[in-house]
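Pasting in a structure now, in structure tokens, and then I'll have a few things to ask.
Each chain carries a letter (A, B, C, D, E and F) given by its place in the written order, and its residues are counted from 1.
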Amino acid sequence: MRPSRRAPDELRPVTLERGVVKYAEGSCLVKFGDTHVLVTATLEDRLPPWLKGQGRGWVTAEYGMLPRATSERTRREASAGKQSGRTVEIQRLIGRSLRTIVDLEALGERQITVDCDVLQADGGTRTASITGAWVALADCINWMKARNMIKAKVLRDNVAAISCGIYNGTPVLDLDYAEDSEAQTDANFVLTGDGRIIEVQGTAEREPFTQDEFLALMALAQKGIARLVDLQKLAVA
Amino acid sequence: MRPSRRAPDELRPVTLERGVVKYAEGSCLVKFGDTHVLVTATLEDRLPPWLKGQGRGWVTAEYGMLPRATSERTRREASAGKQSGRTVEIQRLIGRSLRTIVDLEALGERQITVDCDVLQADGGTRTASITGAWVALADCINWMKARNMIKAKVLRDNVAAISCGIYNGTPVLDLDYAEDSEAQTDANFVLTGDGRIIEVQGTAEREPFTQDEFLALMALAQKGIARLVDLQKLAVA
Amino acid sequence: MRPSRRAPDELRPVTLERGVVKYAEGSCLVKFGDTHVLVTATLEDRLPPWLKGQGRGWVTAEYGMLPRATSERTRREASAGKQSGRTVEIQRLIGRSLRTIVDLEALGERQITVDCDVLQADGGTRTASITGAWVALADCINWMKARNMIKAKVLRDNVAAISCGIYNGTPVLDLDYAEDSEAQTDANFVLTGDGRIIEVQGTAEREPFTQDEFLALMALAQKGIARLVDLQKLAVA
Amino acid sequence: MRPSRRAPDELRPVTLERGVVKYAEGSCLVKFGDTHVLVTATLEDRLPPWLKGQGRGWVTAEYGMLPRATSERTRREASAGKQSGRTVEIQRLIGRSLRTIVDLEALGERQITVDCDVLQADGGTRTASITGAWVALADCINWMKARNMIKAKVLRDNVAAISCGIYNGTPVLDLDYAEDSEAQTDANFVLTGDGRIIEVQGTAEREPFTQDEFLALMALAQKGIARLVDLQKLAVA
Amino acid sequence: MRPSRRAPDELRPVTLERGVVKYAEGSCLVKFGDTHVLVTATLEDRLPPWLKGQGRGWVTAEYGMLPRATSERTRREASAGKQSGRTVEIQRLIGRSLRTIVDLEALGERQITVDCDVLQADGGTRTASITGAWVALADCINWMKARNMIKAKVLRDNVAAISCGIYNGTPVLDLDYAEDSEAQTDANFVLTGDGRIIEVQGTAEREPFTQDEFLALMALAQKGIARLVDLQKLAVA
Amino acid sequence: MRPSRRAPDELRPVTLERGVVKYAEGSCLVKFGDTHVLVTATLEDRLPPWLKGQGRGWVTAEYGMLPRATSERTRREASAGKQSGRTVEIQRLIGRSLRTIVDLEALGERQITVDCDVLQADGGTRTASITGAWVALADCINWMKARNMIKAKVLRDNVAAISCGIYNGTPVLDLDYAEDSEAQTDANFVLTGDGRIIEVQGTAEREPFTQDEFLALMALAQKGIARLVDLQKLAVA
């Protein structure tokens, strides 16, 4: 029995609320249960120096967590003077995931920066961030289309993410914090709308796991992400 | 005529929503019109080293702004590796303001950290932060009372803050961003529930101002803060 | 009775010695009693990037304190790797105060940097800095006039600053360290030569104060600053 | 045809040279073709603060690259003042991988720090680092056994790592730089001596990949790592 | 002919003014011509962690330069966020030089920190700093003696420093900035009162120099430092 | 008797192995006994900003030490976030020493960066670095000649370095760590192929030393460096 009484293949309640910050070209407040992330997409007419003059744009991401998003207060990174290794890993993952489904030539020489700020954390902040980021990104691109800034199709597919793990010997979908801290194994999957893999990260928290266990997690992820992609499509419809 | 069509002595719509972050001992989402600040109060059993063993507690504050809280995206301070001078000024002001109305002996050897994170900025983020911080702090202290952690009265009074300025030659209350960027003069007032002054900061943005002009701003502030204190009392009632 | 046996409205002995650093376009060693600040004004043919090509100049300030300017040695900020929040607040105040009385168009596309370095601190270092900075700035501008670099009037007025506070229940002028550390209330006033307000900062150190108390402090400041402005005029005559 | 003319399932020439730094408790110069990494294992009688007094030890890793290990010189991280996101990711991966096969209780309250410094880089520096780190770690533990510092078995298994990718449509083993920069997909596998998974990281560099493609990569990795584990056993025999 | 019209073996006018900062246990304003350095010696009842409990004290030094001490304004190190390589080199030299003539056992478990802050720089700031630092240190030790804090002799000898160089083919003593920037060779000598060597640093600025040239510089230094030691003895008499 | 049983004027076994890093324009693994330094020379078509457009090139150096190059592990500077004062001193010395023998006009508007990374340290890392750096630099310049990038002679002479010290009252050549930590006096000499002085640094570790002692050290250095220069000539022949 999961602490949340969910079935092994059951997501937490997921909501994707658009247009939550009045200035941003795209924004989304994504909730996976008690995990709440505020995502904004910012369009800027500038590029990283190494990309200038190549006829292509760029999509990048930054991630942060409010100090009291967690059960114990975490030190504010701005005050500590540096981002933690965990923060750096997560924001690189979000950026890579989004770029895979964006046609950077069609975007033109512009940069979209996606900011994912966790207001409340109950496990799965990186997967909620990626899932909500697609919505904010889609809205930003619609904002550009409405102004005739782009001609070709920029978004090639959806992208969403979910975590899975082995909890008490059973593969389960969408770990919350209580499950995550007890799980033997933890894997994050980032998939496209058509079910292909963008990124897989599986980590043995205590015991190494077998290839069969890994395949069971991947099957759960396929199912959960199909559901998330449906919700994304509803949200932007 | 103000851009917002408000009367000179009219506040923006103000709301103070409690209990918005499930982990925090106290929290408040404060809105002054389109300025939205998420405030949490965290209780910890530790003290700054220089305060240990003196039988007194401490209240401190940190302030941050999400990168896209503003019309143009601002660089993330955690990524820049330091807090700006403006951020440092504001968080010191919030901390000083709160400490003035707290009985630190009655609090005992504990620290309360108040985090003010601006989700959306339309002028007056520091005054909204202070006003909301009092609510989060009051809830944190009630949380302690419910657990018999304190005996004497810890909060000696309310504290709230508002900005005033001279816009197009007229003294006006509670500047929004459109007014703030055009105002000749800008002052922030932090007052107690009984109308005494905790902090006054008046700055000539372009032209120096006279003592009479300053007194007109102070009169507006007295009126606006009385209204904010009423709202605080309703919120925690 | 004040520890220094001064009358409530009596300044410490103030001296403004010009030309103390041979390289600087303007310089002033300002003393308010035992508070000694070395101020230099540096003219440079460069501007902050965001100001280029607008036909206007800029005046900025930096503040520092020698490690043993204080009773206990303070850690050297260059060695700590960052300026403290207090330093940042003070140098921003000095810069804003000077810019208010400078005609930046008349200055032309140049920057003047005013460095205020405290050699010995006995309270009031920020007010002494502003008062001395005006002298260094005036000398720098005279240096430019002598070389036909400017045509119109650049300095529109004098600027000087003083602190006041309530000590043992009595409003007093120009707090030294012994008074400052005991005062209930502390306010800094930055005024022009004609008595208008550039900046007011009043802080309740322990007890909030009333509007009447604040007006008493402002009256003292008006008197003290009139005296400082006379001394500035004598110094540059 | 691979640029290196290797068969799809062929490793580069691998050598594991022990005892290369005279001071270290364990050390290994690992070469995967032209990728050369110098690994040392340092035993220290101290622990991270959060682990003290729990009867368990710790294994951690740091990673670095000499500036001219690469084709173009890379900026020295010590001079830049921070480690890059890539460096942080890699050293966290190495540390996690090693800890999974170490019995931290049997190690006792001590820390082993594994330093992996890349002398020359031609792709696969993280997998070479992990593979060589196991040898340095094993030598460090043998050093402790020879001094009767440990009683129970500390190393529960071998650990080795390899990268695989899809190059020109074909799944291949152990990518060198020329292949890595052209590959559509890139995955790193960290496995135990008995073939279980410690960590999997698969990333679509351009096109998302299918589950079948991923399984093909995993099959290659199983084969390559079995060969690396044989070499490790030979090295420490 | 030297730009300053001095004879080759002639020092600039040197003054050593004691007691210039009221809080410091020892202080000295040292002038070598237009090079002015404010030196303070601070006594503290603490030690670097690695020195605790060994029955010995420590003497350390920090060096800084006011931004406009130089002909062109130099960036403030506190604002740049780090000390330059040159600053680090100089303060390490000052500290080493002083420690050589201090009996650290006789000092007891205390630290003296010597701060050398250059108010105006015209060449030779490090040699003026060392020469003045001895005076501030001597006064600090006298302050301790007057309070019966030390019993044995702490200062074993004088220490003073001077620069020499080859200017227009002639070895000259005590280079000022005009000479220093033109000299082929530049050497700094730190000697004891009895003429022994504490530190020698000779650098070929353009052309390597011969051993005979170096010996000529050392003979000049011996002569100049004997004169500086006489001035130190007069100053503290 | 020296701990290493060497004669007072005997170098440790010295080897200079070229071409050890496949990407670098020049490289050298230099060994002075158990001190091993990997040196690379990198040619780049860029210059420090202050040198642009003057028809001259630049040679600079960076120095680092692997964490376990030493008997006790040293903290990694990249992780600490800054280079130590010792590192800064050494890399400045290496750069200055090399520039003295390079014709920067003949080099043209290019920069050569020499990286010296200590793999194992047993005393004398800075002198080994300089000695090996000359070999890497010579190879880099030969690489340029082979591509017709330079016409005139760039290297004007050899440069090599050695340490000397007074150990147990006897002047000895080429101190290893065991001697260095016991020596009363320590001096580093950087000389040209024709025996002239580029840099001398002599430091009394405990007792000041006499001019005669210093001359004895210099005589040893002359002898040792002549031998090193012979080895350099053999290496590049």
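Throughout what follows, contacts are C-beta pairs under 8 Å (C-beta built on N, C-alpha and C of every residue); 3 or more make two chains touch, one makes a residue touch a chain.
Computed from a predicted model, the values in this text were never measured in an experiment.
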item: Chains in simultaneous contact with subunit B and subunit F; value: none
item: Proportion of interface numbers common to subunit B and subunit C (over half same, under half different); value: same
item: Between subunit D and subunit F, centroid-to-centroid distance (C-alpha), Å; value: 33
item: Rounded Å distance between subunit E and subunit F, as computed from the means of their C-alpha atoms; value: 28
item: Rounded Å distance between subunit C and subunit D, as computed from the means of their C-alpha atoms; value: 59
item: Set of subunit F residues in contact with two or more other chains; value: 82
item: Overall pattern in which the protein chains touch one another (line/ring/star/complete/other); value: ring
item: Order of the ring members, counted from subunit D so that subunit F is second; value: D, F, E, C, B, A
item: Touching residues on subunit F, where the partner in the complex is subunit E; value: 82, 85, 88-89, 92, 96, 100-101, 157, 187, 191-192, 196-204, 206-211, 214, 218
item: Complex interface listing, subunit E residues touching subunit C; value: 21-24, 27, 34, 38, 40, 42, 44, 62, 64, 66-71, 73, 76-83, 87, 113, 115, 117, 119-120
